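Sending over a structure as structure tokens; questions will come in a sec.
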């Protein structure tokens, strides 16, 4: 069985919510739709206060090449346009909509039928994906159409669908594979067509045997699609690691993943692509998990983008008494929530409750130079050294030791027996070094 | 609801901790300790207890009163140093010798550099070498086994046989002595007590930790299974010693000791499994570790064969310890480097 | 005898040869340098802090010799050093007002409650890149002391009582290192003022009044009362935040009494006559104005002590 060839750690699996079917979350009374749903330039609102909007109506237009449109997830009246704090208490331009009924745009196909035939041609597919605001749902929320328009220097050779879901606790991708397997595979076929390639791998970690079985049974119907079971190891879902695991090619330093010929898309994205292209449905719903050892509910939801996190928490019986930390995303790379009234985004994959005992950082002690961080680093860096250099702000040396290659997966901090918060320092140093590198005149 | 904690990712930590690692090392050393207690009884218990206690107390006192900071004896690293020091001393060492050793190990080799993780040289080995050059008579030679060493639980027949056979000197010392006298290797090896079986299970010459190769190998396997250490350093040391000594042996088997004898003797296993693999004083990357091991192997055989001392592992490890900062310049293979070059 | 002569002769020849080699090398690799650079460098404070914008004192001296003193200023040495440098180079310069770093946040632990708990590396930069901060005010001081670490003159210390850094005016040279280190841009270089007296808005919260007030009782709510009362047009209110232009301020202190939240601070003034108290417009402000020292002060003795360190020495 394949896996990536360097580093990695084995956090406990904890997929507690894996058998909970995806439920439709009720629509709240007010939604807050952020214009910064994706990586890149935030969208610009194209509705005014007092306007009536329908489900799926365009309310934010992209403002650059790396940007994506935003659609209303509810029908109702625009109440306000202005700054609303996100989950990290940072103000983001947001459209507030008061919900009235649930009236959809007429051109969205709301039937349950699975449409297998791909009618659109290459360019139409990319344009549709762009117009529907599809972004990568694996965490980075990178606009999908940009990934489907590789620079002329690179020739794509295959699509890799990321079903690794290597983060503990998260089960949204797994539920998508279990409940919408055909849609995912059709999404993969659409992506192949959009890129003009004839190979599509679906990488799934071995801890999801049912999903591997289900998709493998369906795969023969879709030419070029191959299911690749992967050995369980974190961070398999990282783009670079997945490419290495599946096609044994390494993304060059500071290069694009497509330089290896592979274009990676999450299973959630493949499903969104299917809905956009076959059903003309913009991305305004997302699938997320509510879980945690102390959580009262272990459920998976289809939520409307812009639903306040606190609404979902209430719906699931409230925040558990002993929850000390709420994480949006997985425990390895997710963001800690400081504002529970923040709205969900396209890329919101979970609400994860952790108790103080689970998440408490222990006091840092001396580095014992065990080298565990070096062997855990999937990028072949030396975290102990980068940490030291970072604390001394030695920028030249940091660059020399490839700090910019760090993918911030957290393996080093996870494994350090001396509880040194290696990634905290390295992340900061990386940002500083990248800033210096960008400020240099280009050759 | 509680006040929410906010911190950068990752939000969870693995199960590893410094204390757990040190605990594993102590467990891995237990077989060797038990073997020495089996043969020497009270004196071995006395040795280990005094050594461990002295190391812990010295570390505590130095951190508390000289460095004026929170004591870290809880991480068990001082206990490991204590056990290793005990295994590196002759069983019948007087209490003051152990105390001096502990003071040198903790006070000079560890704390002056800034404590755990900062020291350049392996503390227990520094102590051993300081004692070896300061008190050569106590550390080697005829004072090695006091007859009253107390075969409390011991198999006294085996013990006394070995004792007589090696006439009080370590096997390597004995061989070197005999070679100097002009006795040929084949004749020396015919001496009772130098058989491999005996060396493997109970070699009575040498310090407490050199008693039984099997006990040390058991500990090594435990460390590997618990993923505390990687095998590169140990294996490269043993392979180098075997190959280098083998070449010499093939060259002139009447003058040079055969390679298996080298492997089983004089604390080579103790050094290769437990001293050279010390995290703090060994290189980080696999490449560095292999070079580190080869260096130790070569220097050991050189000292044993051509040097004045019969024993060379301690010196070899200390010399190679000094090269670790340099060996750490061997960077690991980067994920993205080769692709970058094109 | 022969041996001695031979030895002496050999050494003498060797010495001579080596001296020639040294001479040639020294000539060949000689670096021509303006001797005035050394003169200027000798006058510099030698802190190499980079407060002037150059890499260090040597770089400053080089720039002064090459480009003239006019555009340069050594914040550490101040006017005294600059005069000496100008003299040495035969130039004249105008005296600049000495500056000091001022913290534009007064949200101490008591007035600005923490609503979350940060766990991680103690660095403001890390906290700032992670989220808005432990309190609900995302403009305010994070209290992890990046400014303290950046200060080379030991002039800033974070007070654990208030959670805010305090500037020691005696030690602060106005080099500006802290202003660059603060991810929230809370430290500002302001003119030291006559007798060290200054009036400034100790807040940078741009939220609307109610939001700001909810997060921090000491926040500027952008009410604009100070701007109205100011006779010198020194105060501007922009995006819910007042700012006092120190070049226009005449230290009348009317704004301090007017401020309903105590966001405007005055330092190093003699104690106010009791008659001023009723001038406070709202009961809340009056209550805050009660402590002997400026109305702006939070009623905390420790804080007061450090806010006016110079007063004791004067």
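By written order: A, B and C. Residues from 1 in each chain.
Convention: contacts are C-beta pairs under 8 Å (C-beta built on N, C-alpha and C of every residue); 3 or more make two chains touch, one makes a residue touch a chain.
All values reported here derive from a predicted model rather than from experimental measurement.
A count of contacting C-beta pairs for A-C and for A-B identifies A-B as the more extensively joined pair. Using the mean of the Cα atoms as each chain's centre, the chain most removed from chain C is B. Chain centres here are Cα averages; for chain B and chain C they lie 56 Å apart. Centre-to-centre, using mean CA coordinates, chain A is 43 Å away from chain C. Centres computed as Cα averages put chain A at a distance of 50 Å from chain B.
Those residues of chain C in touch with two or more other chains are numbered 115-116, 119-121, 126, 130-131.
Residue positions 4-8 of chain B are each in touch with at least two other chains.
For chain A, residues that reach two or more other chains under the stated contact definition are 336, 338, 360-361, 421, 424, 427. Residues of chain B that touch chain A in their complex: 1-2, 4-14, 16-18, 20-21, 72, 75, 77, 114-118, 230, 279-280, 283-285, 331-340, 342.
On the chain A side of its complex with chain B, the touching residues are 6-7, 9, 11, 168, 240, 244, 250-255, 259, 319, 321-327, 331-338, 340, 354, 356, 358-362, 365-372, 374-375, 377-382, 384, 401-402, 405, 408, 410, 413-419, 421, 423-424, 427. Residue ranges of chain C in contact with chain A, taken from their complex: 115-116, 119-121, 123, 125-126, 129-133, 136, 138. Those residues of chain A that touch chain C in the shared complex are 85, 88-91, 336, 338-339, 360-361, 421, 424-425, 427-428, 431.
Listing the residues of chain B that touch chain C in their complex gives 3-8.
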